[in-house]
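Look for chain A in each of the two complexes below; its partner is chain B in the first and chain C in the second.
Let's turn to the complex of A and B:
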């Protein structure tokens, strides 16, 4: 178990290293106007060169890379150029991360609870009205682009329940809808898998035996089926995290939540290269950490997994 | 033959019983013959699902309609700005009426024409990405699963790419390469093959060592032929499912990229662009039609492809054939 975790950790670190390098190299391909902000028009060629040299952008690539790793190790992500000129990015992020963290975690918790309950309800009333309604919901959420239903939720739900349209930190009512919208996608995923695993378990022989012994339906559901169906759900935790990340980019800018997702949209539109680079790295690291934790969690939950065989793709 | 009934012993010697039976090739085949055809059975199971069949007709009609719409009479030009005849000003935010069926947008362009033009763009993106995903995904997946020497390197590449959220890769690539139609398709193709390749690989690993493949190999069948004749037919249902789902996904990513400001230029109408334009005006109750019309068309397309894909995948599975 420990050996597997260490091996998996090493793999994650290598991945992270590759991604940092690739992202850094790709960002060097960007047009250089991005490093000047408003001042670009006013400067002549020599001044621009001087600034670029001062920023270390004229050094050979391997030295630039080395400096980049060095500063990353001490947590220095560089300075913003256009968004908030000359302010260290770490400083900007400090105020943003708590919001993203709060909404992300809330969304994950809501979707876990709602999704698994919905899946159980659907499995219990197989091919009846609840099952059909739930399937409709899952199809809708999976097929329609998130941007569309997020917009309509914001438009109509705020109307109906008299909720504020934009997010305000001191108004609790404005926290509700963003968190719920963010959880919708993962809720559908959890419900779908939970229903499938439950239905699979329902048809197994041990359930028939339990029924023949005269156990109550409820006991069978809770003590036998639920437990077995729950284990494979652990593997969907990391993908929920990835789902929530992309959801948060929309949601935060839709409701103007001062988090990282909204910031990403902001700096892309203003073409602040260094901040985009930092955010891309942060989001990728979250993805890597999420999948790592998911794999380790899965190995802990389910002793049936053969770790030696798991060298291939997940 | 064999009908001769014996009433009396003397009749028992029925000469006809001692004739040679003629060998009839057709008769001999009859017992072993069934008129099962894979594609016909798939089709029969598919059309049994009424909703899927209706959606299929709807989508075919819609595809044909988007193709011929510009050539129909009385159609407006999607990028032309219409002027008000009386004031000679741009016909801004004109409500839907007999002249402009879906109204006009904030600079006086006909929304009806724009929606169909946008549908063309979005469907083009979707189908291009779907085809790419199928071709590259199947090729890489087949090699990955079948050629043992390639297992390790492709797995490593996959693990690296799979660790980053797809949306982040899309954002990074379109940001670096400047937004355009080809950039967008390229970025989606970079990530698109991953899921398909993995599916194909896992299925191939399961079936590649079955006896009939071993036999085929011993008889000297080349690898390419084993993959295409022995393995791929098993994968048809999964491949069709992934392709059908790739189309709504690509349309969705287009909307996402447009939303965060990395979409197509405004001069090329696409469903993402239209929704984004509609979003800017959505706080005005009377202008919401500019968001609602494109959103409805988009939802119908994505839901149809999603449902058809799922039903078809069930239908293409031989275990569901009667």
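Let's turn to the complex of A and C:
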């Protein structure tokens, strides 16, 4: 277990390192206007070169890369250029992260509760009305582009329930719709997985044996089926959890929530290279951490994972 | 075995399934008396209804199936009338237990085997945690699992197939059931392990005074484990009798066909016998003797009317018109003749 986790951790770190490198190299391909802001038009070629050299961007690539690693190691993400000139990016993020986190966590809680319950209900009433309704919901969420139902919610539901269209931090009612919108996708995903894994388990032989030995259906559901169905879920949970937090890019700009997702859209449009770079790094790290935690969580629940080291059956 | 008392009595059982809007009849008026302490084997080809028949004793039919007619008398109650889980809980595990075919999938891969046996023990014997654990270790020891204390905390994947089947058997006998149904308990295991498991089942049967039902394809192992043999075809028991009677003095053409296809009975230089044709379509109503269309020796009446049981001896009966006094003399296949002679019975005697 510990050995497995350490191995997966090492793998994750290597992946992270590769991603940092790739992101850095890709960012070098961005138009260089991004390093000047408003001043770009007023400067002549020689002045621009001087500024770029001053920022270290004319150094040989391996030197640049080395400097980049170094500053990352001490937690220095660099300074914003256009978005808020000369302000450290970490400073900017400090004001943004809490919003994303609150919304993300609210959405995660909603979708975990709603999704898993829906999945269980669907599995138990297989091919009956609840199952069909739930399947309809899942198909809808997967087939219709998120932007469409997000917009629909924002335009019509706000109207029906007299909710504010845009987010205002001091207006609690304005929190509701973004959080719900954000949870719709992962609710569908959790419900789909939960249903599938539970139905898979339901048809397994050990369930027949459990019935034959005299356990009640309810006991079997809770102690065998739910528990077993949850294990493959555990692998995805951290990823989707983190994904929900970062998946708010669209919703944050839709409701103008001053969070990280809105920021990403903003800085891409305004070509603030250093901030884009920092955000891309953060999102990809989140992805890697999610996968890592998922695997560790799964290993905690499933004794068979450790099989890889030792020969199993004796 | 006729001197011991009947523990389970099945009368004219009809089991049906609904499949894609159509109804199929898997068990067609099958009857069976099971005697206390005996060991009965049920043989028959795949799809003949062996599993379905025995599953009804425990209320374990799949959701699309139901008992349409008939009685299953056990302990003064008619199990065929049982509907709710509360009814069946009283039977399952405590009174009738089952060992399934595939030990690789019969255990929950995410629970320690100790816990899985313990679940049963706690359920039926109302023991407290520590006592229950002790009981479990004792049972594990009983079914021949070495180092049961250590094994208690291991997961199914740490066990070989044979060892897992021992665990499944431990679960089945944990509550000291009266009847143990073994549905092809060794089919998934290799030959040496098969013999060990059969040996274990025989030992446990004696120790716990179990009445056992073995379901098997393998007529070869039957004589080894069973006192009586019931031959099942298309959802009905067409012949039943003591082991010797069914082996050496078989009466039903289907039993002949089964026996003739045993490799041990092949006549040198001749290809092994195989039963021609396919079992009847269970969606249709079957007229007469279900085996008639595949039986080269079928009589006219076999296609018209279902034969009743004809008594061969007090312990031996078969459902075939050949046993009717009015039936013409029909020669059984060569290998059956040889068997009968071996038993010291000539067909004229």
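The criterion applied here is as follows: the second predicted complex is superposed on the first by the 280 of 314 C-alpha atoms of A that agree within 3 Å, B and C clash if a C-alpha of one lies under 4 Å from a C-alpha of the other, contacts with A are read in each partner's own complex, and residues count from 1 in each chain.
Heads up, the rule we're going with is that a contact is a pair of C-beta atoms (placed from the backbone, for glycine too) under 8 Å apart; a residue touches a chain by one contact, two chains touch by 3 or more.
Because the structure is predicted, anything quoted here is derived from the model rather than measured.
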| item | value |
| --- | --- |
| First (chain B), second (chain C), both or neither touched by A:228 | second |
| Partner chain in contact with A:206 - chain B first, chain C second, else both or neither | second |
| Chain B versus chain C as contact partner of A:264, first or second or both or neither | first |
| Touched partner set for A:176, first chain B, second chain C, both or neither | neither |
| When both partners are placed on the shared chain, which of chain B and chain C touches more of chain A | B |
| Which of chain B and chain C A:217 touches, first, second, both or neither | second |
| Touched partner set for A:143, first chain B, second chain C, both or neither | first |
| Which of chain B and chain C A:27 touches, first, second, both or neither | first |
| Common interface residues of chain A - those touching chain B in one complex and chain C in the other | 312-314 |
| Residue numbers on chain A that touch chain B, as the complex places them | 11-12, 15, 18-19, 23, 26-27, 29-30, 139-140, 142-148, 151-152, 155, 165, 242, 245-246, 249-250, 253, 264-265, 268-269, 276, 280, 283-284, 287-288, 291, 311-314 |
| Chain A residues touching chain C - in the complex, by the definition given at the top | 204-206, 208-217, 223-224, 227-228, 231, 301-304, 307, 312-314 |
| Chain B residues touching chain A - in the complex, by the definition given at the top | 151, 155, 158-160, 162-168, 171-172, 175-176, 198, 201-202, 205, 248, 251-252, 255-256, 259-262, 275, 279, 282-283, 288, 291, 295, 298-299, 302-303, 305-307 |
| Interfacial residue positions of chain C with respect to chain A in the complex | 58, 60, 85, 89, 92-94, 97-98, 100, 102, 105-111, 119-120, 123-124, 155, 157-161, 168, 171-172, 174-175 |
